[in-house]
Amino acid sequence: MSENLLEVTGLQKHFPITKGLFKRQVGAVRAVDGIDLAVRAGETLGVVGESGCGKSTAGRLFTRILEPTGGRITFEGRDVSHLSTAALRPFRRDVQMIFQDPYSSLNPRHTVGSIISAPLQIQKIPTPQGTKKAVQELLELVGLNPEHYNRYPHEFSGGQRQRIGIARALALRPKLIVADEPVSALDVSIQAQVVNLLDDLQSEFDLTYVFIAHDLSVVRHISDRVAVMYLGKVVEIAERDALYASPRHPYTVALMSAVPVPDPSRRDRAQRNRVLLTGDVPSPINPPSGCRFRTRCWKAQEICATEEPPLVPRAGDPASHQTACHFPVVEGEAVQGRSPAGASA
Amino acid sequence: ACGGGSSDKNGSTTTTGKTAYNAATTSVVNPGTAKGGTLELWSAQDADSWDPVRGYYAFVWNLNRLYTRKLMDYAGAVGKDGLKLQPDLAAAEPEISADKKTYTFKLKPGIKFDDGTPITSKDIKYGVERVFAQDVVPGGPVYLIDLLDPKHEYKGPYKDTDPNKLGLKSVETPDDSTIVFKLAKQFADFPYLLAMPGAGPVPQKRDTGAQYGKKPASSGPYMIESYDPGKSVKWVRNPNWDQSTDTIRKALPDAINLTITTNADDLDSRLIAGTADLDVGQTGVQAAARAKILQDPNLRANADTPITGFIRYAAIGQKVAPFDNVECRKAVMYAADPTALQAARGGPVAGGDIGTNMLPPNIGGADPSYDPYGRAQGKPQVDKAKAALQACGKPTGFNTVIAVRNNKPAEIKTAEALQASLKTVGINAKIDQYDGAQIASVVGSPDNAHKKGYGIMIAGWGADWPSGTGYLQALVDGRFILPNGNFNLPEINDPAINGLFDQAAQETDLTKAYGLYNQINTKVMEGAYYLPFVFDKALNYRNPRLTNVYVHDAFGMVDFQALGVSAGK
Amino acid sequence: MSIDSLAGAARPAHQAGRPYLEIKDLMVRFETDDGIVKAVSDSSFAVDRGRTLGIVGESGSGKSVTSLAILGLHRTRSNAKVSGQIWLDNQELVTATDEQVRNLRGGKMSMIFQDPLSAMHPYFTVGSQIVEAYRVHNPKASKKEARTRAIDMLARVGIPQPERRFNDYAHQFSGGMRQRAMIAMALVNDPSLLIADEPTTALDVTVQAQILDLIRDLQEEFGSAVIMITHDLGVVAELADDVIVMYGGKIIERGPAHAVFEQPQHPYTWGLLGSMPRLDRDLRERLNPVKGSPPSLINLPSGCAFHPRCPYAGLNGDRSFTEVPVLRGGHHAAACHLSPEQRWELFQRDVAPNL
Amino acid sequence: MSIGPEATTEQLTSSDGAAREPGEKAIAGRSLKQIAWRRLKKDKVAMAGGVVVVFLTFIAVIAPLLTKWFGHPIDEFHIDKIDPTFGTPIGPWGGISSDFLLGVEPTSGRDVFSRIVYGAQTSLSVAFLSAFFSTLLGVLFGLSAGYLGGWVDSAISRVMDFLLAFPQLLFAIALVSVLPDTMFGLGDRWSRVGILVVVIGFFGWPYIGRIVRGQTLSLREREFVEASKSLGARSPRILFKELLPNLAAPILVYTTLIIPTNILTEAALSFLGVGIPPPWPSWGGMLSDAIATYQSDPMYMIVPGMMIFITVLAFNLFGDGLRDALDPKAR
Amino acid sequence: MLAYIIRRLLNAVLTLLVVTLVTFGIFFMVPKITGSDPALLYIGKTADAVSVEGIRTKLGLADPVIVQYGKFLKGLVVGRDYANGPDVTHCPAPCMGYSFKTDEEVTPKLLGDLPVTISLAIGAAVIWLIMGVGAGVISALRKGSLLDRAVMSTALAGVSMPIYFTALLSSAIFVYWLEWLPNPAYTPFTENPVQWASGLILPWITLAFLFAATYARLTRANMLETLGEDYIRTARAKGLRERSVISKHALRSGLTPIITIFGLDLGALLGGAILTETAFNLHGIGLQALTAIRGNDLPIIIGVTLIAAFFIVIINLIVDLLYGVIDPRVRLS
């Protein structure tokens, strides 16, 4: 594929936990704790993981809404990790974001027109044919009626609002769009509309996506490559087909097997092969030592507690398939069966 | 009221002692000598201090007679007779030297404090010395400092280097029963100063400085048994007081309780219900009770409206233009509506009679019928006011400022009434309410008054002792203009007036002195320095069970020491 | 089971034949400022003990309202009007007294809610809330017995160290634990009907799998009837024996799970299945979304509520626009104006290849 | 994933705008303002409150005319209307007559009607202006605290807690009595109004500040703020363009609701003797005067008391109605 | 927990310091602005320069403000000597100085007035809590009913009525016309409990009426919100009787926020119910403060502010601790 559009190395974001009158720092939420990845131009990189694993934080770091605590972000070779608001301006044109909640991501007091024209105004983009025209074109592009220019968000349904959000992101004709769970809040029937729209726009404008989601099937549908996150780290990253066909990290395996399949006839088979993880995700304030997944991993051994596995290609995998695990799952390996109810870690 | 020929002689003037409206102002109501019982006094206000040298409220001086005897004291008698001083601790009238500057007193034998120790001349001298310690025991009058040590070189007994703490040179105690006062200048009213509680005896070993007011030594028929500040005082008989040494006090009840309430209305209803004997404040009942009492003849018969001895007035600052012109001052005198001002003070009954001149009727020689501005007719004289304005050169009027204390509702009302009547002749007055507690440094500071442009200053004044000098000197004598705490608000400095005071200071003949005071009064009124609103009165109620009730002119209220309670109730 | 026999035909009056829970012509309306919300209309279905009924549908299609109606929770302080019949164990609930219904609530029938954090009282320990649930229906039980029972239940739903966790508060639990505790509370009186309203929507997939597993195990153990409400077809497929699809407050398709998933009858169901990407199928280039957006329950479209979004609405002349379709068919019923043959043909032609 | 019920109440066209049907135009969404206004109109009680407020404001504005037509100058004494002995008005009901519509003041005989309408001027101008001042400060500090967070928030919140938990009335009295009588050539009446406005407004801002801060805190977490940031917007734009419009409703409501409080505070200060200088009337001042005579002349207490009551009640009713109408939860 | 309390107490002390410092600063400035002189005030009607100078040294009025403040703090903690030459007056800790106006020792003077204020506040608080919260709960439960509307209208009237008007009106009606109640006056509880209560009943009711109105509105709103919570639905779904749903589940969380407000109100009232005390002429802290402010009596003003702030801070602390007990979410975070 082509060269990397966005590259991050050792990216960290720690949110301080403060206490008391003088805001003494007593700890930190290590929301993102050292991730390395690259987004290639034109591709869609899916990011999946459980709630709280740092997907959104990562997305916000990529778009530099947040400033990283550590590590580097380079966009088209330029280091943007610690640029000021002013210096970030040109970068903002190239990187845009789509948000999860179609209700809170649009200012209820602004008309659709002013929402979509905001990027043009803020970035002072000249619109030769007039702002209104530009906005209406965008509305049409995302499948909305251009006459709705003067309406308010509450007059639209969830799917339509998400389209408005997409139109806003598109206004600057960015190169990269980070979409943070853009369809999670939508009903299934609407979800597909938006996914299709994103698909269409990608081919029309040569967009690169970072697509964050917790729904593995949607990610599979839309992504070229997929990164799996766990507790602030990327535990596995691979080309889509490779990942879904032969997941190597036990967590990825568990995650995939937990997805309920809408096919009652496969129910029994699916249940037999299911990997049931016990317990919950540990707190990012106090992540486990070594491999962070070890507390829920059925393959964990002593080394997992002491040594952190690097994210590298494991035996037999292509260079593009990297796994951070001491004991990656081999294809056909018998994984742990159903755990009896009540078993605990 | 009292003898001065005032207009409201509607009360009974019999001396049979029958209970009637205003009877106590002219006669002794329920005369009797039966001893025993408990006198229940009430007050809506605590004393400023029970320390004789620190109290300044009139009712406190009156109550002081229960436990503080002085060399001289007012007679226990109704009407003008009460204004006379009698020897009390002193065996006789003082011996006055030829230059009228040295007063020598001999003490009565057998006088004792409540603890049984005899009262000596040293105790009296010590008491006088305490007046000099204003930084420790402030609050009371300081006339004695001026007369005995005008430079205030003596700093009071607490800073006295004398081993016996008797370092005041101008007072000598050659022996325990003789005391000699050497005045710095002639002062005919000196005995009045000695009748103030501050000149009473204080045993040095019982002096607790600032705390003395909590348990003052008693030389009178009663002593304080307990004092709960803000709540109550209880007096019981002083076993070491000897009736035979005391020609003034009656000492009828066995015990006297003073209850301090916070609610004046409550106090009134107790009076009417008969559960309280007397309001020692004697400043009049509240509006609600006033209506009740005046409308019910039975209640009315137990009420008096004595002259309190105060005049409520407006002082016209002659240093503030255009009041430097006497005609402009006269314009104010004529334009003011006497009735409206009287109403603002509470009307003829509760407020007082319309003020006509600057000598209150209870002062010897006073003549309320002297009315140079025709105020008694009760109407403003707009024509005369306009003429005065014309003469002053301000035919269309002028602007000025009325200064008034913010903590005296009645004064604010009079200010408004004055403002309204002045407006009718074109004088636009702005009312400036100042912090009433700061009177000494606001209007009492001429510099400040000039700076603020105070043309008219509302105030009231009652005499510290019932003589023309006692009333008028602080108000009109030019030598009494002080940079701070000044009461000569118009800043009258007329050599003629000042001279008349000097004459009066030497005049021991009362009738002659009266003549001098009337001359002063006339000069003051002609100068239009003061606009008298009312000769203050108060509607007070007395419990019918009280015996020996009469109004004492020196205090403008009932003589508390004479009271008794009838046995049956 | 014999869900088909419900389809309108009168059942024999003898009580023994009635399913454990039977809903007939249930109608729930809310009167609001903006108009009357017809949240549920003409719903009829049934569940037997030991069976699981899945209810799916878009947001606002009336799923929760239906479940609350069964529990009689619209009775207190609500602007709701409920009509129709609800038979539980041969007892009619719509006309029953409040006290009767209250007695059943938490006893014979109980419910698990979507958001366990807000559904548990923040000021009481988890244990005490379970104890409370137990003691309402077992007033004779001593505190100690109730406590033992509660700890027992906590253990049963897989909460480690139940004695210790007994004294914890809901906010001290993780999301999955909370939902387990909710389940323990719902099951403490051995209910014979358990309604789970989106019990896993707030949870992660891995935790969701645990909970679904738990519900399945518990049902096997207790043999109760379960109603599983969700908008996730996958979850329904995992658990349900029978499935109801709701749209605009109405049941538009009803049948055994395998039938609904393999041979869906209603175009809306087709749309649902077609619009979701699936892990168990090969990748498709494009998804087939249902166009448009869900209807307003105040202003339902005339005729078939689905007609504005239905690609086949024109095939029957005006009927879709004017006539409200009834739920027809036996075992596997759908409320659609298309004839079974048309549906078969369209399904084979347009839908099946894309699934 | 549950989308709130509002997702469906305002249903719109299908995604492809072209496929709109003719009937749908009718259900086009209403703006928030329209919704609120429609609800408010339905609320008879609130509307009545609003009408009274408007009426009183009108009265205050035309006070000089009213006095001229129906009354007597506020500082004109009518000593003949007063019983000299008791100082109370002659005639029943506090001297109410066709000449003196609300009776006369005890001891002076001034026209109560005129004093009441001029009192309305004072009360309302102090209340409105101080509400405006509080709002200004409250919004400024509330926004800064909520948006900037960190130590700014700590500091401002502390100050707000401190002010709210302070013997305010005492300080108001102290401040009012210390500040000069005339300023900026306004004359003593309006200078004092100015002082009252500043003092009351100053002690009132934390009330609004807290609400604005709370709202800002929750709005700040909304994704549209993040969206704006991701477009490169600077803080002022986010504060004033994104956040402030969303705060308009609560600000409006709470401003309306502090007006009655301010009326009460102004009256209280006048009652305690630090209000408008005489002869200018104020309702609280009249009540405080009435203490002396309320048993013999109750009308003089009842008239200003009822005026305060009616005014405050009207504002409260209107404010409550406005709050309900603008309440997003009730939608 | 202990650490928390200690930290809160330190915090409270800090707040008190700030409050006194601010008060001190403000009222220290007042004489400078108005040109009045505390020494003159202290000495009374008559004063000569010598005495005034003596007072000034004795009270330390010539010192810079920060020195005066330091001495004030020292007096609070260990007591203080007022010296003017050989004359020394000792003021024992906690010394808040002497009134400029009456020369009384501030601490005992205020402590003497405190029972009045406390009696007034506590008595009223009991009444308004019972009435207000009760009415609010009933209104919430009977939302929309005639009773609800009646209660809410009364409450609205209550919050719209100035307290001094209510006070005058009620004493006109109950004391003067109907003569049911005695004129308000304070009798110490220890002296005569019956008289204590009967003397305060009118102020209590008047004060309580205002607050009860506010609390009824507040309670109703809180209760309605709580009744809409999911956990109430859960409680019903468990089959709880409506009575226990309300009394056990709804009341507990519905009334918790009331505690905060109650704490604030009570704290503020204990610092002096100025208007009520003025209207009924009860000599509590509030009236004391008012007189002091009018007379620029700095020591009293500082004393009252300190007492008021003390109550506010302490009650806030109690409320916070109470919150911890009631709301486990607070306790453990």
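Quick notes
For clarity, chains are labelled A, B, C, D and E in written order, and residue numbers in each chain start from 1.
Just so we're on the same page, a contact is a pair of C-beta atoms (placed from the backbone, for glycine too) under 8 Å apart; a residue touches a chain by one contact, two chains touch by 3 or more.
Note that the coordinates shown come from a computational prediction; the quantities given were computed from them, not determined experimentally.
Using the contact threshold fixed earlier, the set of chains in contact with both subunit A and subunit B is D.
Path length between subunit D and subunit E in the chain contact graph, taken as the least number of steps between touching chains: 1. The busiest chain interface, judged by C-beta pairs in contact, is A-C.
Chain centres here are Cα means. That of subunit A falls 31 Å from that of subunit C. One inter-chain figure worth recording: subunit B and subunit C are separated by 93 Å, centre to centre, where each centre is the mean of the chain's CA atoms.
Inter-chain centre distance (subunit B to subunit D, centres taken as mean C-alpha positions): 50 Å. Between subunit C and subunit D, the centres computed from C-alpha atoms are 51 Å apart. Touching of two or more other chains is recorded for residues 21, 157-160, 187, 193 of subunit A. Contact of a single residue of subunit E with at least two other chains is seen at positions 34, 176, 294. Shared interface positions of subunit D, defined as residues touching 2 or more other chains, are 1, 3, 7-8, 10-12, 15-16, 177, 273, 295.
Every residue of subunit D that touches subunit A in the complex is listed here, in rising order: 1, 3-4, 6-8, 10-13, 15-18, 20, 28-29, 31-32, 150-151, 154, 222-224, 226-234, 237, 242, 245-246, 248.
Interface residues of subunit C, counted against subunit A in their complex, comprise 58-59, 155-158, 160, 174-177, 204-210, 212-214, 217-218, 231-238, 240, 257-258, 261-262, 271-280, 283-284, 286-291, 293-294. Taken in their complex, subunit D has these residues touching subunit B: 75-77, 79, 82-88, 107-108, 177, 181, 188, 273, 277-279, 289, 292-293, 295-296. On subunit B, the positions that touch subunit E within their shared complex are 48-49, 56, 133-136, 138-142, 145, 152, 155, 158-159, 209-210, 229-230, 261-266, 269, 288, 406-407, 435-438, 440-442, 448, 484-485.
For subunit A in complex with subunit D, the touching residues are 21, 23, 60, 63, 65, 85, 88-89, 92, 96-97, 99-101, 103-110, 118-119, 122-123, 140, 143-148, 151-152, 154-160, 163, 165, 168, 172, 184-187, 193.
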